[in-house]
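You will see chain A twice below: alongside chain B first, and alongside chain C after that.
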Partner chain A sequence: MTALSAFAAALTAPDRRPPPEFAGRAERRFAVYRNNVMVGLIRALETRFPVLVSLLGEEFFRAMAREFTRAHPPSSPVLMSFGDELPDFIGGFEPAEEMPYLADVARIEIARTRAYHAADVPRLGTDAYSELTPSNFEAMLIDLHPAVAVIHSHHPIWTILAMASGWQPAAAIEDWQPQAVLVNRPDLDVLVRPLTTGAALFLEALGAGRPLGIAATEVAQDVPDFDLPAALATLIGDGLATRIHVFGGDLP
Partner chain B sequence: MMKQLPAGVGVGFKPEHFDAIIADPAAPIAFLEIHAENYMGAGGRPHAQLAQLRERFALSVHGVGLSIGGEAPLDNAHLARLKTLIQRYRPESFSEHLAWSSHGEAFFNDLLPLPYTPATLARIADHIAEVQDTLGCRMLLENPSTYVRFEESTIGEVDFLAALVERTGCGLLLDINNVFVSAVNHGIDARAYLADFPLEAVGEIHLGGHDEDMDDNGAPLLIDAHGSPVADAVWTLFAEVIARTGSLPSLIEWDNDVPAWPVLRAEAARAAAVLARPSRHAAA
Partner chain C sequence: MTTKNTLAAATFAGSLAAALGMVAAASASPVAPQPNMDKCYGVSMAGQNDCAAGAGTTCAGTSKVNYDAKAWKYVAKGTCETIKTPKGMGHLKAM
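Let's look at the complex of A and B:
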């Protein structure tokens, strides 16, 4: 084993044993590195998941972040993607099993940082939709802006987020219903707002490349009160699209 | 080919200072330094701010994740990201560290120490040459702050750095706080280190704060924390170096517990005052 291999292995080893060459003579010195690594990575997670920190408390979050970091150390020096596996990790993290909505909160926070760094692609304004006619509507494909994400949950995720963020007074949630949210970055600030289940499924279908007419029909079958005009108003009014086209090219 | 940084004062740019910097055109700031890895997203606020600042300031791109001192080949994907960033902003300088931060599949987010041997020298010289070839510019390599030394080291740190300059044509980034931290930690004389240092290769100076801890034997152990003002001993060493070299691009690094802009600005002004002193170099 090379000096660097021994060093690397000891940095995150849970037994806190230093590499043999420093054992008994420079253990506190080596511990500075071990501490820097763990504190730095936990801090990166705290920065990326502030709502989880507020829901769990700093101490609980840090303990969980430590276990997560041991299980999923970052592989890239670009830390803006560190923590992408956190939602699934939380889903299987026993001490948090009484808060089954945490994984979806983490998904929202991931979508937020992705939106924050997303490419600056021009958005379609309302006039871009003036060419839409009943005859070409069905086959229309919509490219969503790279900052746009939809997260839907079996839990009242918007209400939980709003309370944890101080946008709504904290109170017991009496009517525990599924909710969905839209993450978007109209300019430089990332915004999160609630979506109806129908609008969330519709936008998701468009994002997956389903033609507009087919997406509308499918969502209406699953969601009886699906309000297509309202969902289109969100798509157009929030400027979620970057391109409207049909198979094979742009609109004639 | 890159231009050079202006021989004035810079600060490590923190987004929370953006509005204050824009509103302070009289600040004694000639250049800004960014950590490359924070600008590897595609767009959004980081790039919007940087594009605006770039119009007014010279720019130093400082990498903290390339792991030049690592055992593995350089990460080509990361090198490509650096190239994209450098082509986008055309900075006056690119620098990295004599350290490693990745091993195997893991990135440790810290600047880790390495043994200084003929084998590590050859490997790092190859890495630096590859970086310079890929980026199309000369890079600066920063001397590290360290808490441990390796038994297998056979080359002194200054000789190691000088040999890298000779083999690759790279420049050096002299971090005077790192010199002081390592000197205290390893019981060597910071002035002797600086007396031997190849100052003619220095393209930039770093100044930052450190914390004090204790080692295994109760002796002082300094930690390169970048969360406090520059120490008086480091200011003294800085003035001695500048007296030898004349004015050099000099940066205040304050990465943790980031202070309000006026505090950082005052540190920058203190550095500017040192650069403005008549030097032996200038008189010669």
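Let's look at the complex of A and C:
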């Protein structure tokens, strides 16, 4: 290990021991440096997870972020991916166990960052769908835009997100139902909006490579009130697709 | 591949036509303009790593070197306390 890599490793080491070269008088100075690295990383997490900060409060969030950073220091100098493991970390974080919805809220915030930085692939407009011939829906594959993500939860995450973001007043959630959201970046701004369970499963199936007709059939079997026209209207109207093709090639 | 219980192509085509109708109806109404933002790749957190040193000081946050990692445990002061749920989640009490 070089002196530089030993120095770097000591900065985020859980046992907080300075490298031997910094023993003695330099130890306190090293501690200041290490603390500033930690504070900087916590600030980066605050920037990426503003809804969690709102839900937990600054003090709780910062303390949790500190524990997280010790367990999962950044693996890349590019900070936009730092915190990708936070949802799973929260799921096992004992002080937050009273709020089991936090991990899914964190997943929405991760999807937002990814959507923001996703490639600007051209989206299919309405014309691409009105030209489809009704013969081969069961072989038709849809490529979703890289900015598109679906997150669904056992908890009412849309309502929680909207209340924590100030989009609707915070209040008692009487009807504790599973909810799903769509993350997308139609132009330059990332948008989050609620999805029905059926639409969420349908879009996820398309994203996983299930053909259009098969995905529709499967979701209709699982979700009794699945509204296929509404789900297709979301797919088409929100411009979620970049390409329609069949097994082995483009449409003729 | 088996094709048990699949939607008839005509049913799917009907849904697609209905969806196109819904999209056309939605786009006929005016869309609220989105605020413009400059898009900047890979640097959205630039500055977060910097030491916020003022004149003649050491760095911001230095006083937290001896932060007590456990004292915060019962002090979630965010909106989770105001979002009350029938299951009692979100109420963080001092124990």
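The working rule: the second predicted complex is superposed on the first by the 236 of 252 C-alpha atoms of A that agree within 3 Å, B and C clash if a C-alpha of one lies under 4 Å from a C-alpha of the other, contacts with A are read in each partner's own complex, and residues count from 1 in each chain.
Definition applied: a residue touches a chain if its C-beta (ideal position, glycine included) is under 8 Å from a C-beta of that chain, and two chains touch if they have at least 3 such contacts.
A quick note: this is a predicted structure, and the numbers were derived from the prediction, not measured.
*Asks:* Once chain A of both complexes is superposed, is A:221 in touch with chain B (first), chain C (second), both, or neither?
*Replies:* Second partner only.
*Asks:* Tell me which partner A:57 touches in the superposition: chain B (first), chain C (second), both or neither.
*Replies:* After superposition on chain A, A:57 lies in contact with chain C alone.
*Asks:* Which partner chains sit in contact with A:174 here, chain B, chain C, both or neither? Use first/second/both/neither.
*Replies:* second
*Asks:* Is A:44 contacted by the first partner chain B, the second partner chain C, both or neither?
*Replies:* A:44 sits against chain B and chain C alike.
*Asks:* Counting only touches as set out at the top, which of chain B and chain C does A:36 meet: first, second, both, neither?
*Replies:* both
*Asks:* Have a look at where A:134 lands relative to chain B and chain C in the superposition and call it first, second, both or neither.
*Replies:* The answer is second: A:134 touches chain C but not chain B.
*Asks:* Please determine whether it is chain B or chain C that touches the greater number of chain A residues.
*Replies:* Residues of chain A touched, chain B against chain C: more for C.
*Asks:* Should A:188 be classified as contacting the first partner (chain B), the second (chain C), both, or neither?
*Replies:* Both chain B and chain C are touched by A:188.
*Asks:* Both chain B and chain C touch chain A; at which residues?
*Replies:* Dual-contact residues (chain A): 32, 36-37, 40-41, 44, 78-80, 116-117, 188-189.
*Asks:* Touching residues of chain A toward chain C in the complex: what are they?
*Replies:* Touch residues, chain A against chain C: 31-32, 35-41, 43-44, 47-48, 53-63, 66-67, 78-80, 82, 95, 98-101, 113, 116-117, 126, 129-130, 132, 134-135, 137-138, 160, 163-164, 170-174, 176, 186-189, 212-214, 216-217, 220-221, 228-233, 235-237.
*Asks:* What does chain A use to touch chain B in their complex?
*Replies:* 2-5, 7-8, 11-12, 21-22, 25-30, 32-33, 36-37, 40-41, 44, 73-80, 115-121, 146-147, 185, 188-189
*Asks:* Within the complex, which stretch of chain B touches chain A?
*Replies:* Those in contact with chain A are residues 37, 40-48, 64-67, 70-71, 75, 77-78, 81, 100-110, 112-115, 147-148, 150-152, 185, 213-216, 221, 223.
*Asks:* With touch defined as at the start, can you tell me which chain C residues reach chain A in the complex?
*Replies:* So the residues of chain C in touch with chain A come to 3, 5-7, 9-10, 12-13, 15-16, 18-20, 22-24, 26-27, 34-39, 41-42, 44-45, 48-51, 58-62, 64-65, 67, 69, 72-73, 75-80, 82-87, 89-92.
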